[in-house]
Each structure stands twice: as C-alpha cells, then as structure tokens.
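Chains here go by letter, A, B, C and D, matching the order in which they are written, and residues are numbered from 1 within each.
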Amino acid sequence: MNTENLIALLVAAPLLGAAVLLCGGRRLDRVGPWLGTLLAAVPFVIGLVLFTDMLGKGAEERSLHQHLFSWIPVEGFQADVAFQLDQLSMTFVLLISGVGTLIHLYSIGYMEHDERRRRFFGYLNLFLAAMLLLVLADNYLLLYVGWEGVGLASYLLIGFWQHKPSAATAAKKAFLVNRVGDMGLSIAIMLMFTTFGTFAFEPVLGAAEETSEGKLTAIGLMLLLAACGKSAQVPLQSWLGDAMEGPTPVSALIHAATMVTAGVYLIVRSGVIFNGAPDAQLAVTVVGAVTLLFGAIVGCAKDDIKKALAGSTMSQIGYMILAAGLGPIGYVFAIMHLVTHGFFKAGLFLGAGSVMHGMNDEVDMRKYGGLRKYMPVTFVTFGLGYLAIIGFPGLSGFFSKDKIIEAAFAKGGTEGWILGSVALLGAAITAYYMTRVMIMTFFGEKRWEPDAQGNAPHPHESPKSMTIPMILLAVGSVFAGGFFSIGDRFMHWLEPVTHHDHGDSPLSAATVTGATMVVLVIGVSMAWVQYGRRPVPSVAPRGSLVTRAARRDLLQDDFNHVVLVRGGEHLTRSLVYVDHTLVDGVVNGTAASVGGLSGRLRKLQNGYARSYAVSMFGGAAVLIVATLLMRAV
Amino acid sequence: MSFPLLTATAALPAVGAIATAAVPAARRAAAKWLALFFSLATLVLAVVVLVRFDPDGDRYQLTESRAWIADFGVRYELGVDGIGVALIALTALLIPFIILAGWHDADPLETKSSRWRPTQGFFALILAVEAMVIISFEATDVFLFYIFFEAMLIPMYFLIGGFGDRAHAGSDEKASAQRSYAAVKFLLYNLVGGLIMLAAVIGLYVVAGNFSLQEIAEARANGSLDMATNTERLLFLGFFFAFAVKAPLWPLHTWLPNAMGEATAPVAVLITAVVDKVGTFAMLRFCLQLFPEASKWATPVILVLALISIIYGALLAVGQRDIKRLVAYASISHFGFIILGIFAMTSQGQSGATLYMVNHGLSTAALMLVAGFLISRRGSRLIADYGGVQKVAPVLAGTFLVGGLATLSLPGLAPFVSEFLVLVGVFARYPAVGIIATLGIVLAALYTLVLYQRTMTGPVKPEVSAMPDLRVRELAVVAPLIALLIGLGVYPKPLTELVNPAVKHTMSDVQKKDPQPEVEAAK
Amino acid sequence: MNPVNYLYLAALLFAIGATGVLIRRNAIVVFMCIELMLNACNLAFVAFSRLHGNLDGQIIAFFTMVVAAAEVVVGLAIIVSLFRSRHSASVDDASLMKL
Amino acid sequence: MSATAVHNLWTMAAADPIDKIDAPKIEYGQLAPTLIVIGAAVIGVLIEAFVPRKSRYYAQLFVSVVALAAAFAAVVALASGGYGTTKARIAAMGAIAVDGPALFLQGTILLAGLVAIFTFAERRLDPEAHGNRIDSFVAQAGAVPGSPGEQAATKAGFTTTEVFPLALFAIGGMLVFPSANDLLTLFIALEVFSLPLYLLCALARRKRLMSQEAAVKYFLLGAFASAFTLFGIALIYGYAGSVSYGTIAKVVDGTLTTVDPALAGTMGNDALLLIGAAMIVMGLLFKVGAVPFHMWTPDVYQGAPTPVTGFMAAATKVAAFGALLRLLYVVLPGLRWDWRPVMWGIAVITMLGGAIVAITQTDIKRLLAYSSIAHAGFILAGVVATTEEGVSSVLFYLGAYSFVTIGAFAVVTLVRDAGGEATHLSKWAGLGRRSPLVAAVFAVFLLAFAGIPLTSGFSGKFAVFKAAAEGGAGALVVVGVLSSAIAAFFYIRVIVLMFFSEPKADGPTVAVPSPLTMTAIGVGVAVTLVLGVAPQYFLDLAGQAGVFVR
C-alpha cells in the first residue's frame, strides 16, 4: 500500500476531532473527552504504522512526500499544501502523538469536574493538529500556519479558565510575545522568497550553499527570533511563566513537551542555512546559553511548583537551542534531548498536576511537604522524572544532556570552553533546583493548613486515568535516553537529515562525564543542605537580592511593563489626542475659519440701500479702472 | 446584442430599492422581506456573472456599450475584469447579511406620523447603495464611474445620519447631534474629494477628448496620446485624492471612525466593507491604468502614507474605548495594507491587495456584525461596559473571537493569505517598507486580543449576566461568513485564479516586472 | 465752443447725481438724483449726436425721457406707498432686512 | 467740432425736402413671440378695466397661460423653421436678432414664465379670508398696511389681478432683452422688464413692510444701475457713432474706419469704448446679481412675494445672461483680451462670495438668494470661456437652473405657519419627519443646486466647467470646484435640518397646494432628473443654439 497518503490523516484526525467537539454542542459533553482521546490516538497509531514502514526502507528513500493541493497560486509565487515525512518529522510525530495521547488520557481524569471539558478536549485536538502540521509541512509557509496554529491553541488553553483575569492576561501575553517571534518567521519567509523565489524546504535548503552568507545570516537571525518566541528563549521568554495559568495537562503537553520545542525543530530543520551562517549560529548558541542559565536561576527561586518547572523547561530548551546552535555536531543531541525532555518534563508536570489535584489546586510548594506517603505513585514517577532531568547516570537525561555538554566543548576555541562551562554550570543549578522541588514537595514535615473556608486539603492518590500516563512517561524518562544512545541508534536514524559530524573535543567524553557527575553532586548536596536539613518556612523568607530578582523573573517583566506597556499606553493615548486635535483639528479649523469669514462678510449686508449703492459705485469704478489697466498693460 | 447581464446586476437592486420604498408604512415586515429577496436575487445574478466570466479570456468581458451623453464624450460602457467580478461578488454576497443583521435596526421607536417610514427607507437606501457600488465596479467609462462614485454618497449619508445606533450611551438629543455630525463629516470629506476629482475628470476630457477607459489606455499605450508630465501628475493627484479619501488613507481618515462609530453596525459594515472598496478598486483600475507614469512617480509618498496608516491606525485602535471606533481604526490600518499592496507594483502585492479587499470585507463584516449584536444587547458601545460575556453567551463570544482572529489575519483564515501576499509583494521591492509593515501584525494581535479580553473574559459584569446568546437569525448571518473565512483561508485558489490575469494586465499597464529572486538572478 | 465741453458737463452732472444717490437719505431726493444722472446721459447723447453728425443720439434722448417718465410713475408709486405705511421717506429707515 | 459736419447736417436737410417716408420693414412673424406676449399684457390691462372683479382672476389666468403657450409655440415653430441655425437673421431694421441663443432663451423664459404664472395663481395655501380664496398678493396695493382700508379690501375679497399683466410685460421685456441687437433696444427692454418687477416686489400680502422695502431698494438700485448702463451706452455711441451692435463691432475691430478724421478725438477713442463697455456690463451684472453688484439680491428675494422671487430668480437671470452673452460675443469680441480677465475676477469673487456668505444665513429665502449669486458665478465661468461650447453650456445651465429655482421657491411657499410662510431655517427642523414627500422634493432641489450627479445641477456645472477648461480657464474650474464644496455645506445643512433633527412642537404646517403649484414643483423635479440622467437631447439643442448672428 502507498503509505504517504496516510500522512494527511495524521493532521486530519485531530482536526476533525477539534471541529466536531467545538461545533458539536452540549450533546457531546459526555462522550467528548473519550472522542478527543480516541482521535488523538489515531495519529499515534498511524505514526507507528508509518514508522515501521519507514524502518523497512533504506535510509535514503525514507523521506515521504504528499502533495495535497496548490494553496496560493499567484504570479511567481507558489505555496502548496504538501507534507514531508522524514526521520526528523517522524521523531516529532511519534513524540507529539504519543505524549499527546497520554495527556489526553490524563486530562479525562483531571478535567472530570469542569463543565466546559468538551471544549477543552476540542482545543487539545486543535493543538495536536496544528503541531503535527508544523512538523509535517514541506514548506515554511505551511509550517508558519502550524506555527501560529499551536500559538492559537496555546492561547485558548492558557486562557481556558477565562473567568480568572490572570489567565486571560497570561493567554494574551503569550500570544503577543509569540507574535513578535512570528514577525521574525514571516520576515524570514519573505527573505527566502526574494532570495530563492520559493520557500519550500527542498529547493531552499538545496540552494542554500550557493547563497551569500549575508542573506543566510539575515534569514538565520530571523528564524532565531521566531524560535525565541515559540521556545521561550531570552529575550522573549517572559510568557512561559505566566502560561502556567493554564490547566496542568496543558502545561505538560504544550509548555513542556511539544510546542515550546518547535523552535528547536525550526533551527534543526533549517540547519543548512545556519551552517552557511556562522554568525547566526553563534547568536543561537549565545541565546541558548543565556537562557539555560536564566531559566535555571529563575527555577531556583520560585515557590510555585509549576513556575519552578517552567523555569526548568526554559533552561532545558536552552540546552537544546545551544546544541542546535553548535551545528552538525549538536543537531542530533538537541533533538535527542528534546525527546527525552519531552518524556521526563511531561512526567514531572503531570506529577505536579496530580499533587495539585490532591491538594485543592494549591501550587505553593511551601504549603506541601512529606507528600510521599500520601501519593506514592506520584512520588515514584515524579522521582524518576527528577532523576532523569538532573542527569542521574543511566537515565534519559544523563545521556542526552551529557552529549550536549560534550558537544559544547567540542565547538572548540574559547567559545567552546565558555559554552561548555556554562552548560556544566547549568547542570549544577538544575540539580540544585530540582532537588529543591523534590524535597519541598515530598520530604520533610507536612506544612499545609486549612484555608480561609476552613477546609484543609486531604492529599490522596490520583485516579488510574491519571496515574497510568504518569507511569508510562516515567518509563520513557528512564529508558529512552539509554535506548537511543546504545550504538548511537538515534544518531544514525537522523543522519540523513542532520548530517552529523563529530567535532574534535578538547576533553575526552569521560572527563566531561566526570565533571557533570561532580557538579551534579554539588548541586544536589547544596539543595539538601538548604532545604533537607532544616525545615522549610511555609512563608517565603525575604531572601537575597538575587533571589528576589529571580522570583520576579529577573525583573524582565518589570522591564517589559515599564518600557513596553507603559510606554505603549502613553504613545497610544497621545496619538488619540493628536488624531482628535491635530488631524481632525486642521479640517474643523478650516471649516470654522470659512464660517468666521462668512460671518464677517455678512456684516456688509447692513440693510441700508445707500451702502449697497456705494458698493455698486465702487464696483463700477473698479470695473472701469481694471478694464483700462488691462488695456494699459 | 446579448442580454445585458451587468446592467441587470446593477439595476435589480435599484428596482428593489424603489419597490421597497413603495411599500406602505404599515407593512414593515413586507418591506424587509422584499429587500432581502431582491438582495438574494442580485446575489444570484452576481453568481451568474462569476460563472460567465472566463478568467483567461479578454481583459474586460460581458461588455456593454451604448451612447449616452455625446456632448461630454460620455458613453454608457460596462465591463468587468477579474478584480471587478470578485468585488461585485463580495458586494452581492454581503448585502443580504447586512440586511439580515439590520433586520430590527430601523423599526420606528414609536409610531410617528403615518407617512414617516424609516424601515422602508432604511432597506431601500441599502439596496440603492448596492446598485451604485455594483455599477461603479462595472463602469469602464470614467465619467460613468464618477457619477455613481459621487451619487453613492447621498444614500450613504442618509443611512449614517438617519439610522444611528438605537442603543447609544447618552441622551437621544446628543446622540442625534453626534450622528448628524458624523454624517455631515462623511459627506463633506467625500464630496470635497469627489469635487477635486471632478476637476481632474474635466481635465482628463480636455486632454483625452473622451472618457472611455480602454480607448484612453490604448492611446496612452501606443503613444498616440501623450500627456505632459505635469498634466499627468496633476490629473493623477486629482483622482488619487478622491480615492484616498474614500479608502481612508492617513491623514484623510478621520471621517471613518465617526461614521462607523455613529452608524448602526450593518451600515458600518456597508461603509467599510463595501463602499470604501470602491476607492481602492478605483486606484487599481483608474490611477494605475490612466496615469502609469504619475503613479510610479507618486509611489514613494503613497507607500509612506500607507505605512503610517497601518501603524497609526493600529495604535489608535489600541487606544479606543469604543468597540466600533476600534474596528474603524483597525480598518484604516487594513486599508493601509491594501494601498501598500497596490502601489508595491508587484504581482504578489496587487493580487494580495485584491484578495485583501475581499477578505477584509468578510472579516470586518464578521467582527462588526457580531459586535453589533453584542451592542444591541447591552445598549452601549463602550468596551468598559462589558466583561465575562464569554461565560453567559459562549457562541457569541466564539464567533466574535473568530472574527477577531480573522482581523489579526491568523493563518488558516482568509485574511492571512492576502496580508502575506501583500507583505511579500512589498518586501520584494521595498524590503524596509515590508519589515515595518510586519509590525502591523503584532499591533493587530494587540488590539484584537485586548478587545476580546476586556469584553469577553474575566468575571461576569452584572449588566451582561442576563445576556442571551446568538439567535437563529444572527447565527444565520455569522456562520456563513465564518465558513467563508475558513474556506478562502484554506483554499483561496479559485479567487487567485480569478484575479491573476487582471493583475498581469495592470502590471503591464505600469510596465513593471517582478524583481527576480537572487539565486535565479545569479544564474 | 468745443462740444467736448458738453461731454465734460455731462460727466459732471452724472457724477453729481451719483454722489447724491450715495449721500442723500430722502428717497425722493435720491430718485431725483437718478433722474439727474439720466439727464446727464441725455446731454451726452445729444452732444455726441452733434459730434457725429447723425440723429441717433437725439432720438435716443427722447426715448430716455419716456423711460424716465415711466420710472417716475413706478418709482413714485412705490415710494409713496412706503411713505404712507412708514410716515417717512428715508431710505435708511427702510432696513428691516439685513445680514 | 469741425464746421463742415454741421454744415452737412444743415445742407442735407435743406437740399432735398423730404417728400416721402419709407415705412420700416418689420418681420412680424419672426417677432411673433414677443408681440403675442406684449399684446396679451395689453389685453390684461383692458381686462382690469372692463371685466367684473369676480371673474378677472380667471380671465387673466386664462389669457396669460394661453399667451405664453402660444408664444412658446411660436418660438418652437421659428426654431423648427431653422431661424435658430441656418436662417438666423437680424429683424426689425437691425433692432432684434432672431438666432439660436435668442430663440433658446426665449423658449426658456416663456416656459419658466408659464410655470411661474402657475405659482402666481395659487390660491389654496392660505385659509380663505371672509369666504374668498386669497393668493400671495396684497388685496389692494394702495391700502396702508394694517389700516381699516386694507381690512375692508380683504373683506371685499379684492385681489391684485394686475400681477398677471405685469408679469406678462416683464416677460415681454425679457424676451427682447437677450435678442436686442442695438443698445437702445437693450436699454428699453431692460426698463420694460424691470419696472413691472419693481412693482411686483411690492405686492406681498403678508409682511408688507418688508415687501415695500424690498421694492424701494430694488427700484432705487435698479434705476441707479440702469443710469450707469445708459451712460455707458452714451459713451459707446460716442465711440462708434452708432448703437447698432454690428456697426460697433466693426468699429471695434477696425474694419470700419472713421468717416471723418476730424472726429478722431472721440471716434475710435478706446477710453470711451472701454469705460462705456464697463458701465454697460456693470448694468447687466447688476441684473445677474454678480458680486459686487449683488447686494440687492438677498433683501429683494426675501421681501418680495415668494412666487415673484422665484420668477425673478429664474427669468431675470436667463434674460440678463442672454444679453450679456450677446454683448460680449457680438459687440466686444475684439475687446476679448480686455474684458476676459475682468470677468474672470468677477466670476471668482462671485462664486466664492456667494458660497461663503450663504453659510451663515438663517432665512431660507436669503439662503437661496446667495446660492443664486454663487450660481451666477458658475455661469460666468462659462461666459469667460469665449467659445461656442461656452455659449451653449451657459444656455444649458440657464435652462436647467431656472426650473430648479422656481420649483424650490414653490416649495418654500408651501411651508407655512400663522405668520404666512415660515422662512426661518429653525422652523424647517424635522420637516422630513412631518411630511417626507415635500422634504424629499426640496432635498432633490438642494442636491441639484449642490451639483450632485444624476441631477440637472451636475450636468449644467459639468458643461460649464468643461467649457471653461477647454477655453483655457482651468484655474477658474478649480475655484469653481472649491466653492461648490463650500456651497455643498449649506445645502447639506438644510437637509440635515429637515431630516435629522427632531421636529419642533410649534413647527410649521405644510399646506396642500392646488394642481397649479403642484405642476410647478412637478415640472421642477422632472426637469431636474431628466437633465440629470439623460441631458443629451437638451445639450444638442443648446449646442445648435450656440451661434450668434452678426
């Protein structure tokens, strides 16, 4: 059978789900969740089918194409709705649909009591469709559609509890910041059009070599801007923290596992362009490095469990971006870390969700403590995720992150050293804040007390529909890394797309591993000293300057507020004034002056016949003189 | 000679207008149904035109030509190219929705003297406008076009001034005062524009000796008619000024917010989605075709003005407190895009601009009509008076959101296609301009989402707590529009194929070639 | 004596009449001034007819007289009716309508 | 003065004693229109003398209508007989020209006069007084306002049926005015149509003081102006030695040189020519109502009985412009380079002045007066064109304009309150709500004044501006366009008032007129729309009528 015709189904199924659920009306309220989950599972199944089929082929004919129809045919401008399924896309398809399905499943339990859950699942399906479109598109414009599609879905889902102003604001913020990134993407596409006359992957990437470096750099930087927006990289990271306003499954799926990694996909996909533009690459690595520290530091200071995890997400994606910036050395590891991260971060979030589920949606870790005996499954799965992310030897994170650090050193030169050490430092901090989260949540004394209404939370384990996905993800986060790395399976799998090459690392792999182990131990022990030894105060201490700054996302939001929001408000207000007084005023002024003139001339009509006669006489005189003058000149 | 299809298409609504106006005062409902019937019949004819039109055929098709006023060198010449067909279709399509949406807008509050028949008048005027708009899309004789371009103002003027928002904050006296101010402003702005154009029209006659678009264009092409550079520029400016007022270009835009703010939502849609399109259409058809050199000469300035419109309009939209004024300023921003696309002088830009005219019509209609439904429920145009509507009227909120997303041209919805084409087209020739214009994307998101957030989300305001969701009639208005927005967003091919040949012609009129991509240029 | 002087005289009379119209208030007097202007014209006509040696001018003078007479009839009728209803013949009092 | 000339004079007389007078040759057929109307006027006078009071009204109305209709028929007959084009000639021993412009204008004047007569005869607007139908004219002109005499006259049911013969005399004069082919005829015609108008102005039934004041102002200023005209004629006569247009034209362009070198002092002295021309033109501009000779217009229009105002506004303009055209095109074409710039300036200040001052008017009749001034300016723009198109465009404009004007003033007569016509604008508020039809009709007229397409106003304006532009007066067109924009503003203001503002409680009522006024208004609307939508036929008419006979 001809497999590429299945590709469209990958997108179609969840899209159908979204359409049905959103337009379906109340009668679907009961079956809605299950229907949504089913339609989320369909792409996963199809994905598996295609995957096995793909494995059966040789490395070179593994890339499948499906051309649906010509989308925007205009003189000298061809945009098609066409799909491309190669190893890279396939990786994403499996990750997205797989994790997606699990999280749908989880949500059935989590959203049980929400009367608008039908719509929730509709949005989730919409997201899946958009995300799959993003990774399956065979040209940048279609990718852009998916790109904004996931943005929309995330907007809808962050703001799902719209009655909370904070949620609505967060959603708006997320969309706007992403829009800034999208600007970058659209400019990049325009550049491609003017440079290559097309924006389909194959011709563009094919022609990239014989194009001026300047153009490539410009395109690269614009793509980076896009990636920053979507993947919450500095300077466009501010939205991710607030995005935690959304229901936890959303945070797990969209703001941890899949959507936020789209930036990485974009860069890796456009690898050829970046290879031709070292400056752009450098910029990418810098962004990655900065973000991985930034996120980590923020993660250390947050008491809100989800925000802490969000910080960690930022920093982990920082790793991926960094890796992607390293070029052919790093692409593979970027993707690999992306996948493993997909598993353990999703797991962690679901764990957090399950904790909140048991604690009346309390998010402040200082109100937790000693939960391990109340919710064992959650504890175990969360714990495994924890070990995975800090890179405990043998677990997924260990393999993927380690490789990235190596690659960073392998970049060579001072850059290599700087990037490598930053990555190491990041690892240490990661270990620190994740341990902090772990301890504050599951160890120590219980710190929760009745709330205003006097109903104390009584923690309990979550229902099966929630725990099963957590378990599966835990499994993934334990073994995925190892499975990929043995015999460089993953590397060979992606080889045709990313053309891996081994840089010459100044340090041997062993050294790097050793170093990571060391920093890991340091980080963990520091956290243990600070939070494990002595009891955690249930109200946050004032903390050092850095801490306070970090709590406020290193003042980045304040900056935005002062410069952009306030400034913008002033600008618009003054413009409104200008429009009313100046632009309109000129016209009204003219009208008024004509009126005034009229009023004055009118006075001449004073009703006295003799003055009329005077004007006639004068007129006659003027007439005569004028005529004579005409003759004279 | 064959059946005069174009004349029929334009005449039918005119007949409808007369018939509707003639309905006796008491039979209000009859008038409404009559009007709706005629608008639908017109739609049918428009579809016939669409079918009969062959995109790859001659430039102007279904042409008609009769003697009219020989002394003025005026002939009754009709003909449509792809652009005209598209816009006629848009007009014929929107009018039924406008009528349906305005179903109750003109019901007299209390029965005045039996001879006063606002309802009949309202719908008759709408049909009259439709007739005039359609014929100005068809006219290939400059004078004929001018006549209806001007005459259109009168019914519009009565629609704006005579039928303001029933539900308006403040006293009735104040309301009617503001309303007639808006109406007069609308009329005077456009009248001045039109009169200046009249001077240019006369000038054109003095130079060319007749008004036939094709003849003049041919004469210009084969050099048998060459204008002195300055003459051509002056004439161009005369024409362009009128069109720039109509399709509000900064700084001639200030009439639009007043007009759209004071008029009822359907009329506001009529203004911005239908009538203003005549302005941009005319730029494409008359300015470029009659005065190619002058158009090129003026391009830099026009591009700058268009850019200002885009950014300025968007920023002001952000600053508005009144829902309808917000949409108005958004439209100003969008018209900036259209004009940008027209004067980018690239195939993508001009195709994009044409698509933009259609898509903007649809998206604004969707957003504005839903806004109208919202306003009619609460009785206020102020954003601050709303909040949490989404909870009590989810369908209304949902449609409103879709309309908003269309306005910020979200990919997958029709406006994205056109906006991106415009941007690419501009970028290809003037990269800097293109980049600045993309800022518009962000600002659009800002004002749309702020509007949605303030009105629809957050805790439910007590005043809106009892608000009913969309009724069947209202859903019947919005649903098809949304369907179209999605349909044309996913599959715009039919539209582009309709427009492309026409754009080719305009490109050859101005003797411009699309810039070559670097790579091919290198080869 | 040089007939051109008659022309100067005519011009002078015309000017005097015009001035009278401009400065006198009483409608009757104003009217008389106008008659003076007409007669100035007559003088001019006659003088010119003499200069040109054809009779047209003199004929016209007669016409003018007739017209003047007619004007008197109409004029006095109007002025008198105004006077009767206002008990004043001042043209300045008659200024109900202005602006 | 040279002795020989005088000598000639005497000897000529002495030499051969005159034994026979050869009778002047008068082409009665070609003068039929004028003769019919004047004759009817005389009959009208006789009717006043001999017919019993009760039946005078009907007799007068009948005679006037029949006469005007017959005269119009005669005009049509002449035109179709080719007198307008191929057989155009100068009749009555060189006194009267029978050519295209003359016939076209006479036709226009006659039709306008006919319609105006209808409005004169309207007797249903006011409630009956003492059982007698009353019209807009005073019961007894002689009676002092408010005096017992007046009341007695009213009670007795007197009516001033003299208005009909007066109107006919005026029309007669107007018929001659544009076809006058020598200055004397011009002057006589001027007086013949002015004097009856002075009287008609004084005959309003309501607001008699204003009416009389209007009459006095009109009379004094009119006489003043005509004195200027006459002096101008004298000077031209002095310059050319003749008052016949043909001769003067010849002298102007030098084809006819001086008969007697001794006369070089006066003959062919350009100062005389220029000053004279300027004074005559001034007289005509006064009738036209051009700035700065316009100041009588608002007061007279306001004070005069509204039907008379409409009649004056329409017919006087037609006649005066006809005369002006003939003068400038037939007599002074040689002087074009002298008068053109001057007219240019006059046109500009007239257009702008009329439009600007109108903005702040508060009385509908004064408003229309100023609008008529602005229109005079537009027409002057066509006059300046100095081309055949210019002439025909002016003719067309006059035709279009006059009917709109009469119609508009007819509508004004309908809107009444206790004090007669409610002419103050504030009274018109919300008229559109009270009686949509009347308001709509008036709106149509206003739009025509404003020159909105699909109305006669637009066709006329376009024709005139087109002619001006082709005549090389492009700047004038721009000014015209601007002032139309200004003018549009106050027409719009009235529409706003009628439709968008709430009706006042003590607002005026709209009288239901008799078929007479209805026809007047109906004709106005019809002409407005027909000339707006399909003007071709009339443009052709005007186009054929564009040539003056010399």
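The definition used in the following text is that a residue touches a chain if its C-beta (ideal position, glycine included) is under 8 Å from a C-beta of that chain, and two chains touch if they have at least 3 such contacts.
Going by UniProt, the chains are B = Putative NADH-quinone oxidoreductase subunit M; C = NADH-quinone oxidoreductase subunit K.
Quantities reported herein were computed from a predicted structural model and do not represent experimental measurements.
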Under the touch definition above, the chains in contact with both subunit C and subunit D are A
Taking the mean of each chain's Cα atoms, which chain ends up nearest the overall Cα mean?
B
Which chain lies the greatest distance away from subunit A when centres are computed from Cα atoms alone?
C
Winner on C-beta contact pairs when A-B is weighed against A-D
A-B
Just give me the whole-number Å value for how far the CA centre of subunit B lies from that of subunit C.
65
Geometric centre distance via CA averages, subunit B-subunit A, whole Å
37
Hey, how far is the Cα centre of subunit A from the one of subunit D, in Å?
81
Rounded to the nearest whole Å, what is the centre-to-centre distance of subunit A and subunit C, using the mean of the C-alpha atoms as each centre?
97
Which subunit A residues reach two or more other chains?
591, 602, 605, 607, 609, 613
Quick check on subunit D: which residues sit in contact with 2+ other chains?
216-217, 220, 224, 228, 298-299, 489
Where in subunit C do residues touch at least two different other chains?
18, 21, 30, 91, 94-98
Chains that touch, pairwise:
A-B, A-C, A-D, B-D, C-D
Note: in the complex, subunit B contacts subunit D through residues 67-72, 112-113, 115-117, 146-148, 150-151, 153-154, 157-158, 161-162, 173, 176, 179-180, 183-184, 187-188, 191-192, 195-196, 198-199, 202-203, 205-206
Using the touch definition up top, name the residues of subunit D that touch subunit B in the complex.
433-437, 447, 452-454, 458-459, 462-463, 465-466, 469-470, 474, 477-478, 481-482, 484-485, 488-489, 492-493, 496, 499-502, 534-536, 539-540, 543
Under the definition above, what is the set of subunit A residues touching subunit D in their complex?
591, 594-595, 597-599, 601-602, 604-605, 607, 609, 611-613, 615-616, 618-620, 622-624, 626-628, 630-631
Subunit A contact footprint on subunit C (complex, rising order)
18, 21-23, 25, 30, 91-92, 94-99
Within their complex, state which residues of subunit C touch subunit D.
2-4, 7, 10, 14, 17-18, 21, 27, 30-31, 34, 37-38, 40-41, 44-45, 47-54, 56-57, 59-60, 63-64, 67, 70-71, 74-75, 77-79, 81-82, 84-86, 91, 94-98
